[in-house]
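There are structures below to look over.
The same chain A turns up in both complexes below, where it pairs with chain B and then with chain C.
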Partner chain A sequence: MTRFDAIVIGAGVNGLVAAALLARRGKKVCLIEAARHAGGMAGLRPGEGPALAHLVHNLSPAVRRDLGLGRDWPFALTPLATVALAEDGRHVVVDGPNAKLADGTAHPFAAAHAALTERLTRYGALLRNMAETAPPGGGMSGIAMMRQGLRFARTGLSLRAMGKPEMRRFLQVLLSNAYDLILDEMSDGPLAGLWTADAVRGAALGPRSPGTVFSLIYRMGHGGIVSRPEGGMEAVIAALEEAGRKAGCTLRTDTRVARILTEGDRVTGVATEAGEILSAQVVLSSAAPLTTARLTGLDHFDIEATRRLRNLRARGTVAKVNLKLARAPALPGVDLASARMVFAPSAEYVETAFNPSKYGEMSEAPVIEAVMPDPGAASPWLSLLVQYAPADLDGGWTAAARDRLAQIATRTLARALPDLPGLVTSAEVMTPDQIGAATGGPGGHWHQAELTFDQMLTLRPGNGMGHYAFGPSGLYLCGAATHPGGDVMGLSGRNAALRALEDRA
Partner chain B sequence: MSLNATYDVIVAGAGHNGLTAAAYLARAGRKVLVVEKNDWIGGAAVSRSLHPGWTYSNCSYVCSLLRREIVRDLDLPKYGLQVIPYEGGATFTRDGDYFAYYSDHHALHREMARHSRRDADAYQRYAQAVMRQCRFIRPFLLRDAPDPASLRPRDLGEMAYLVKKAHGLGPRELGETLRFWTMSIGDFLDEHFENDLIKAHLAGSGIIGTGLGVYSPGTAYVLLHHYMGDIDGGIGAWGFARGGMGAISAAIGADFEAHGGTILKGAGVEKFLTKDGRVTGVALEDGKVFKAPVVASNMDVKRTFLTHVDAGDLPPEFTRAVERFKIRGSSAKLNIALDRMPSFPAAPAHASFLRGDLHVSQSLSELERAYDDWKAGRVSAKPYIDMLIPSQIDPTMAPTGAHMMTVFVQYAPYDLAQGSTRSGVNWDDAARRQLADCVLDQMSVACPDIRERIVHMEVRCPAEIEREVGLTEGNIFQGELTFDQLFFNRPVPGWSQYDSPIKGLYLCGSSAHPGGGVMGAPGANAARAILRADGVRMKGYAA
Partner chain C sequence: MSVMTDPKVGLIPGPVHDRLAALSRSQAWYGWAGYVAPSHLDSMEFEYFALRNQASLFDVSPMHKYRITGPGALAMLNRMVTRDVAKLRAGRVGYTLWCDEEGMVIDDGTLFRLGEDDWRLCCQEPMLDWLMEAAWGFDAKVTDESHDIAGLSLQGPCAFAILEAAGLDVGHLKPFDLAEIEPGLTVSRTGFTGDLGYELWTAWDAAPALWDRLWEAGRHHGLRAIGYDALNLARIEAGFLTAGVDFQPVLSVERLHRGLTPFELNLGHMVHFDKGHFNGRRALIRARNTPRSLLMRLDVEGFKPAPGALIYHRKKREIGHLSSGIWSPTAKCNIALAHVRMPYAAQRPANLWAEIYTLEEGRWATRMVRLTPVKGPFFAPPRAKATPPARL
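Moving on, here comes the complex of A and B:
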């Protein structure tokens, strides 16, 4: 029997962060991962090509600070401009608050775009304050409560500091839908399409669904800058792994947890499928809540809690498609090497793409985000996120269905990049069901649980479970299903580790 | 009556809310004039006789939300108002079965168990959850919505009331409340039930009148909006006003006139007159001018400020906010005179549920697809219908032996797509016939002989409701019931307390908090705000 202070289950971004943070605070930590490599969903690769997450926009500086990684991440981050592809060739190049047409001429809604960017980034900064702490309440210690009270007071003050009209506007749009928010400011087209596509990326929602303004703000919580990690997602994961290793954390890959062990109402460790017992007073699980509950034994959870866990909504809608190209495609006026391309020619298009997913069908004309992670290569990969491809496809994700998805994706992108189909030499497809199967993430959903208001803050993952502590004493959830959520951010893992430390203090 | 007299208050629009505001003000001793563009009063709470012998409630058709405090304050029963609750309802299947809803607990349990034993057991938990939310929200309907950005004592007071109420729920229940308010009705039902038909039956109230689908977050609140009423203390119960919905407006109007008020019909407002940022009266379409220091508009917020006020009189950011306000036409209506009771082959003879609300939607996904059609500017291929035959309970609605049927239809877009255009103009006769055909097809799932029973039929599309009643896009709530347009956000942030940037000009319609339905609350609340501005505390429920 091997003894640790803490065991962390699952070496995804949040598991890595939680383990490294605990180790840095002097705990003897073992991080257990079922797969052969750390990385979880972010690092998941369909084959030879780029990993599922190909860009970062929410990597948390709070995480970097707490892991002692210094002022900068130990890998290069290249900020990318975004190209909103248009079928008529009038692509829109968006660089932060600046939007112009690819031919260099002014975009008619450039001013509206700049104002929206500024406003939503400001809102994002406000909400980030909330993301970097546990949700309110939850029986924390006096000092922690005070610290949290200060944080909320600060949020309240920054809200007030915006001035009355802005404060009112914030409280109005927060629960609103992205479709109306954007189309109130500009007429429909590729720029509006881009905004709404960003609002629903990864979600089982369309831009007309109330709450999508929040998901848009969530994406802009760290300034709204989209960056490509040089060296791919592997570099991000390696950096987090290294931070853990330096702090003395043990990483055991290829190890499956069979059970989370308890004695009475206390966690005592985990048993692996190989029959090994690892003991610890504290176990953090980045596995999905229901999976974690099952590993622990459902008898540790009352019927109400179990029902809530079963009802947690997580229905992945995004598939990964990697296209191997003979050479990089050309787009006049655009440097594709430092651009993220988005095919969403209008907000209406995005909503229409969403419709079939509600009935278990894939979009015939999907929303696509495309980047070239390694633009220098002779025959580069074009890495695509294709939405909507629902996890629960009618008839299942057969090989034929996956092939069709790759074809649809290529055909759709060709509407703006006519030479693309001729350049594709091979394709790899990874659908939400495969993402779910490979990572244990329910429905292959990026956030482990849909990021909607009824599954947020103290309600995430379920009412009464919003404070990381989960079931028997000493057990914590630290995955994306907890506050604030996923997106290669690391805050769920960080907050959970801090909570566990505080409870033991 | 001297026509060019001046008044203390003019109310523009004799809808039930306008009349409610007027009645409260008249009771407070104000000299009040109500001007109404139509030759009848009631707005969307009307009874109209369009075919000799039959009476249609041709817009709103059932009653539950009308606040009992208002019924009491305005003595409405004295003026003949009688609301008769109906019991139950049913959803018919395409294969000749039905799911019936009974208000009797045991009957409902048996019927649910016939479709799913598990759902029958789950219903109690579901009903309790909804009822808890009803209890929480009801006290807010007749209170002002506080402005969260304001530090005025009254706003702080209302805010404190909100916090106290929320705190009183306890953390667990507060979580449930937040969850419920932000969920979709589809997800909420999926959590409780397994049977498609039962879910479809219960989901209807979550979408009626809105531009949202059953899986749009926020529709659980819309369901609540339809459940928070009561009849004689029976929370969530619905009923028929004897003589049609016009009986409600007529009773309120009668109370108003009994207290010295004047109603001028056929008098549409052309413009709200202002001087130096203050309202001074109204100019009518026929050129007449009436002066008053206070004017309350029963029109929706868009119509009030974008059509009948000079843009120059309003701060541009207010105008922008009103432009952004969403009023989306999503429903249509068929009013049918029947020669006799249509046959419902699936139902047992004399089934009590036939006196309730009848539907034919089979599943949540069928309802969601109906919404997809609407988004694309089409009438739903399989619309949600809410049909009732009030003449079974209220014999005044049709000749002996004959019946009257009211059919609410969702979804029908205001801006109907035709070719490449989307506009209310596309609602021509052919489009309306097509709508009627589609609805009658749906209805024949329940009553196959419906077409043979029709003596007269009125088809009301959103564009027509807009034209006649004056509701923008024909939206029955004078504005979507989404979070960004509820409570302190209704109608626009910073102006949730019935007043406006033009001093003396108030909103008293359902564009204002707490929103639509034949509730009377916006009208009563507006009257209270008007009196408060004079330093007078309104008598009645607020006392």
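Moving on, here comes the complex of A and C:
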């Protein structure tokens, strides 16, 4: 039997952050990972090509600070412009608040775009404030409660500081859908398509679904700037891993947890599938909530809790497609090497792409985000996120279905990049069912639970479980299913670790 | 959670309705879980005295009955109910409660351990959806037997003699024992009267024959068919609670904070914290020492039964109400079950008063009467527990 202060299950982004943070606060931590490498869903690779997550836009500076990584991340982050691809060649190049056409001329809605960016970024800062702390309530100590109270008071004050009309506008749009919000500001086209695509990425939602403004604002938490980690997601994972190692955290890969052990409604450690007992008073699990509950034993949870857990909505809709290219594609007037490409020629297109997924079918004309993680390579990879490719595809994700998805993706991108099909030498596909099978993430959903209002804040992952503590004393959830969610933020892991420390203080 | 009766169907007859209808002189019927059930067949008093002095027969078939089977049944039930049912051997019956995640009582009932992995739960509220939720993830199967199993409750000092006369040997059954006395006929020494008594469980279609058999055997023992009103007197004397009257089943209330914990119902001894986790355990640990109110048994001054009367401290501060109240013919006093807010419920000497309205030939009057706390049931005859029981 090996004794630790805390055990963290799952070395994905959140597990890595939680383990490193606890270790830095002087705890003896063991981080257990079933796979051979750390990285979880973000670092999951379909084969030789880039990992599932290819960009970061919300990696939290709060995480960096708490992990003692200094003023900058130990890997280079290259901010990318975004090219909203157009079939007629009138691509839109978006760089933060600036939007112009690829030929250098002004975009007719450049002013609206700038105003919208500024406004949503302002709202995003408000939500970020909430994301960086545990949801309100949950019986914490006096000091923590005060600190949290201050944070929410500050959120409230900044809300008030916006002025009454602006506050009213904020509350008005917060619950509404991205489609209406965006098309109030501009007519439909590639720029509107880009906005709505960003609002629904990763979700089983379309731009007209309620709550998509919220997810859009969430993504704007750090200004909406997307950055490419140089060295790929592997560099991000390695940095988090290194932070843990430096703090003395033990990482055990290739180790599966068979059971989370309890005694008298307290966690006592975990038993591995190899039969080893690792003991600890605190166990944080970044596995999905229901998986964690099963590992602990359902009889340790209330009936209402298991009902909520099994009714969590988590239906992945995004597939990863890596295309190996003979050479980098080119677009006149656009530097594709330092750009994110989005094929979503209109908001209408995005909504239409969503429709088949409701019925268990893949989009024939999907929304695609494409990036070259290593544009300097002689034959670079083009890394695609293809939406919508529902986890529960009718007839299942057979090899033929995956091939078809790769063809659809290539054919779709070719509508804007005509020379692309000729450049593709090979393709790798990873569908949500495979993502789910490889990581245990339900439905291969990258938030473990859909980020909608009924599964958010104190209701995330479910009512009565919104404060990381989960069932027996000493057990915590620290994965993307907890507040504030996934998207390579690391905040779920950080908040959960802070909560666990707070409870033991 | 009252049962919605389809207005087009109306109330439907229970398994022995023909027998009851033939006996009913008062034609006083009410709806019980969708079935026609007698309030009384003759008069409440007549039936009550038969229950306490001879024997009574009451059809309990409308009760909800659920069968829980499978290797995971014990674990599933122990996670659902508050008492440790692992201690309940096969062939035993246990009274139990179950709570929601906040520790508020959902319902109470009797749990029959028919075999090692074979259980039956009898309760007042429809509970199928809750049981299905509770069974999810456990190797246990839940079946609604409400309309397949009939139950006849034979209660009173002559109950044993009647069963003997009917050729049923139950002399070895101690209180809360159960046994399959004949193929297809299970008898449990249980009841809702606090008296000597048995409940007989058989297939729905076999109930009329069983009724006739008991009726014939009871001919010389003064056996009477009774309705709910007489039973209600007996259960209040015994101090038993009725769901929807003495507590509000928390899954069916719409207003906030109408639920009560077992501690607030004076049923803390039914909560076994040492058995491992069960539904609401964490909330109940927090709530165990801070009841908001207590269920009290009270002797009400005077003779006017006062269910619903408000309770005052020092005749001034309103602090609770009486949920059940009757004139007890056996205890010869005016008794009540009441909910009284803390800390007044625990104060001794108590300074509790009830405001009672009286109607005397067209004239309403109000009166403050003193309430005296009573420990234990109002009536608990030794015959209820004696084994072997008296033949009388």
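By our rule, the second predicted complex is superposed on the first by the 505 of 505 C-alpha atoms of A that agree within 3 Å, B and C clash if a C-alpha of one lies under 4 Å from a C-alpha of the other, contacts with A are read in each partner's own complex, and residues count from 1 in each chain.
Convention: contacts are C-beta pairs under 8 Å (C-beta built on N, C-alpha and C of every residue); 3 or more make two chains touch, one makes a residue touch a chain.
Not measured: the values here are computed from a predicted model.
In the superposed pair of complexes, A:Leu298 makes contact with chain C only, with no contact to chain B. Of the two partner chains placed around the shared chain by superposition, neither chain B nor chain C is touched by A:Thr78. When chain B and chain C are set side by side, the one touching more residues of chain A is B. In the superposed model, A:Pro210 lies in contact with chain B only, and not with chain C. In the superposition on chain A, contact is made by A:Asp265 with chain C only, not with chain B.
When the two structures are aligned on the shared chain, A:Gly464 is found in touch with chain B and with chain C. Contacts of A:Asn98 after superposition on the shared chain: neither chain B nor chain C is touched. Residues 307, 464 of chain A contact both chain B in one complex and chain C in the other. Within the complex formed with chain C, the chain A residues making contact are 265, 294, 298-307, 310, 464, 471-472. For chain C in complex with chain A, the touching residues are 75-76, 78-80, 100-101, 130, 133-134, 136-138, 276-277, 279-282. Contact residues on chain B toward chain A in their complex (touch as defined above): 147-150, 171-172, 175-176, 178-180, 182-183, 187, 190-191, 212, 215-218, 317, 323-324, 326, 365, 368-369, 372, 375-376, 482-484, 488-489, 493-494. Within the complex formed with chain B, the residues of chain A that make contact are 137, 160, 164-165, 167-169, 171-173, 175-177, 180, 184, 205, 208-211, 307, 311, 313, 351-352, 355, 358-359, 452-454, 458-459, 463-464, 466.
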